[in-house]
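As structure tokens, the structure follows; a few thoughts come after it.
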Amino acid sequence: MRYTLSELAETTGACLHGSGDTVIEKVADITSGEQGSIVFVLNKKYTKHLKTTDASAVIITEEMLQACDKPALVADNPRVVFSKIALLLNPLPTVEPWISPHAVIAEDADVDPSARIEACVVIQSGASIGPGAWLSPGCVIEKNAAIGANTRLFANVTIGDNCTLGDNNILHSGVVIGADGFGFVWDQDSYVKVPQLGTVRIGNDVEIGANTSIDRGAIGDTIVEDGVKIDNQIQLGHNDHVGEHTTISGQSGLAGSVKIGKRCILGGGVAVSDNIEITDNVILAGRSNVANSIKEPGMYASVIPVVEAGKWRRILARIKQLDELAKRIKALELKDK
Amino acid sequence: MRYTLSELAETTGACLHGSGDTVIEKVADITSGEQGSIVFVLNKKYTKHLKTTDASAVIITEEMLQACDKPALVADNPRVVFSKIALLLNPLPTVEPWISPHAVIAEDADVDPSARIEACVVIQSGASIGPGAWLSPGCVIEKNAAIGANTRLFANVTIGDNCTLGDNNILHSGVVIGADGFGFVWDQDSYVKVPQLGTVRIGNDVEIGANTSIDRGAIGDTIVEDGVKIDNQIQLGHNDHVGEHTTISGQSGLAGSVKIGKRCILGGGVAVSDNIEITDNVILAGRSNVANSIKEPGMYASVIPVVEAGKWRRILARIKQLDELAKRIKALELKDK
Amino acid sequence: MRYTLSELAETTGACLHGSGDTVIEKVADITSGEQGSIVFVLNKKYTKHLKTTDASAVIITEEMLQACDKPALVADNPRVVFSKIALLLNPLPTVEPWISPHAVIAEDADVDPSARIEACVVIQSGASIGPGAWLSPGCVIEKNAAIGANTRLFANVTIGDNCTLGDNNILHSGVVIGADGFGFVWDQDSYVKVPQLGTVRIGNDVEIGANTSIDRGAIGDTIVEDGVKIDNQIQLGHNDHVGEHTTISGQSGLAGSVKIGKRCILGGGVAVSDNIEITDNVILAGRSNVANSIKEPGMYASVIPVVEAGKWRRILARIKQLDELAKRIKALELKDK
């Protein structure tokens, strides 16, 4: 696959500077660009690389233009242009309709003839697989679950009974949708299981990372809205509700009945307690702990980054004395009056 | 499935108030109850919903009774009654004995005729599957492993060789029992693997959530006692021992040789260091870090919840100065004498 | 399998004290040693057990020798000797070459005749499996992936297309290698996926724990060098690079483009932010948060261990006042002048 720079400018809407005939065959990293490649520079900090890269063209913002003597595409957000070009040059593989003779499909499952079902996939009774959907080896689709059009399940994904996935989703390997939520009540001398009667409903254009698990609702459903992007190793509890275009980075965990608004950004390793509500447009720094609902958009944090271990030991000793230290300040102030 | 309210009172031991002929067909959430449903109210905070719900009956505590003009079941713990009714109205599916022609079972494996073994399950030599056990597609039972009576393995669960599961367990998809513990010793210029010679032994009435992993012991076994409930994405290290009726919430991690007592409650994201011992009846708040053994029952915590990011930046700067701040307090006190 | 103590001394290079004819059949824990077993004592703290163990021989350091009246092997590092003996007495199972009739292997995949491929393994087009490799049931090897010699994949492991594993690796169940990295750019009203064009390249002698996921690079590859040991439930992001002989304990997570040096030790639950570089020989205590690059070898920490919950509540209140407390100290100091 190869394009001229002017073709790329036209397709992406970026402004062309320099020779439009420059031929681009691949994308590269700014530090490793070579002949035939296009790279992007995110901000002025990396401007110096413009001098040294062997890439044939660059994607930059307008303010970098004067430091650049290469053919260039200029845009407000070079990463967006870069991503579009990367996709043009590396189109997702076309789905070739196929049902592996080694797939095991219930007679009353409804598999669209344009779907691709690979070896050792198991599709149970009443399940439906939409047009253009692609299920890699080892996926299990339980009873009455529904997979939307053009949705891609990588290997060894499990979709629990009655759960539904919309269109154009990507689920990476090891994802588990629709395990029981964690619900038990203590009764005299042991726990009684609270039946988990809901399902999981996932919208369109959702991506879910490797080994993430999303539990079914206890009563009512767990809901992931359109455009949500969820990374690896994440847990969503029963009856969570994630608003559209929210992103959640690796190893974050939501307890049960959490409601997260639209366009939120959760960093990695964020923990949200039961029954919390977070409004739209909230940014949570990595390793945030959310124990109370958040009603105002904005950025929140609670993480302590590492210091040298000896220094940390001294700080930690003081943290434990903190209440006493505060009282000693108070005492000094009173004396001082 | 439908019951009268008086039948439900009798079965659950709750006190009936109002018409015992009220017909109940399903459970619902207090905010979504409709004709034919029963809902519960956990505490007085939600009493207002008693006026607005369309549910046919409610489960409440005695103190809410005067605010209620609907048919009601009264009990000390409405959730327990609710769970029992939910289970009555939504009984777990009966296990229909079956061996899928697409399962792969070693000749010398011992599968009880009342078990259900689905497609693409692999059962290796010497393994045994108890009466009424149910293995969903993609499960792998390695050599000499044993699955107890009425134990349910959801799809894609792996049980390592020689590991044993008791009766009435539920293991959700993606669970891995019996991977090697993390044991290496540095020898001159690289690590030598410490052979992991033990197994995992899991008692009865245990539930284990999606994508959780429990490692085999190094010498001796990793043990999970009866009635333990373990959530998703949890790691238990080699030679851990979890006492009966303890619950562990999502994404908690226990390092090696950790011993946790009976009836403990670990919140989500708790981390316990190597060789720690935690006594019975300990409650650990979410995101607790346990670096020393806990000898007294009670509740422990160490989590810092989020604040607005700018405020957190100022606090963090002060945390780093904490040792110096303490010294300045000391200096002021000395001057002050 | 049984050896005399003098045979074991010779094989491991330890010094023999006492009867070399002592027969050793198994390894045991110091607290459970019995006739025919050998145990090790790590340090003087456990010397007392030397009197009570029923083990036939012990492995100790020289300084413990005078407290010991049993046949003994003496070495600087008893654990290394112990691990070698444990491996001698419990050799890893030999790989018996076999291709299960229930494996599904593409015609143009290249499987070495000495490999073992079990039931429900799927090997796609162009993939290669090296000599002595062993793939347990349910593993999926996608297109053009390569598995090195004597590498062991436990059940239900997924290797993404074009990813490569070196020799003598061990991957535990549920591992996912080569899922897409988490890359999206916001464009007007939704996220655009950044194509993840790289692969994962894993060296030799690497071990990876259950349910860990290692994402493919966005541009260029994610790299794990020789001798790295990775525990369970870990996430490595796109373009991470882990230097040789580094160990990473359970539930740690590296965001994208993280570079970790050689011989580092990451405790459990460590979180490293995007684009961080950590030099060689760094030790990170459990639950460390790394938000800035680390240029000096040494130990770092930021974890707060639990205290009793009421006490923590008071400390937490003070943490939130910390900036104000510091200002009050400042005010006192000024008054004091």
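In this document, chain identifiers A, B and C correspond to the written order of the chains, with residue numbering beginning at 1 in each.
What we mean here is this: a residue touches a chain if its C-beta (ideal position, glycine included) is under 8 Å from a C-beta of that chain, and two chains touch if they have at least 3 such contacts.
All figures in this text were calculated on a predicted structure; none of them were measured in a lab.
Put simply, chain B has to spin 120° for its C-alpha atoms to lie on chain C, with the angle rounded to a multiple of 5.
Residue numbering shows that chain A and chain C use the same positions for less than half of their mutual interface.
In whole angstrom, the spacing between the mean C-alpha positions of chain A and chain C is 26. Each of the following residues of chain A touches two or more other chains: 120, 138, 156, 174, 211, 233, 251, 304-305, 307, 319, 322, 325, 329, 332. Across the interface of their complex, chain B is touched by residues 104, 120, 122, 124, 138, 140, 142, 156, 158, 160, 174, 176, 179-180, 182-187, 190-195, 197, 211-213, 215, 219-220, 233-235, 237, 251, 253, 255, 271, 273, 283-285, 288-292, 294, 298-302, 304-305, 307, 311, 314-315, 317-319, 321-322, 325, 328-329, 332, 335 of chain A.
Considering their complex, residues 27-29, 32, 77, 79-80, 82-84, 86-87, 90, 92, 100, 102, 118-120, 136-138, 154-156, 170, 172-174, 205, 207, 209-211, 227, 229, 231-233, 245, 247, 249-251, 268-269, 286-287, 303-309, 312-313, 316, 319-320, 322-323, 325-326, 329, 332-333, 336 of chain A touch chain C.
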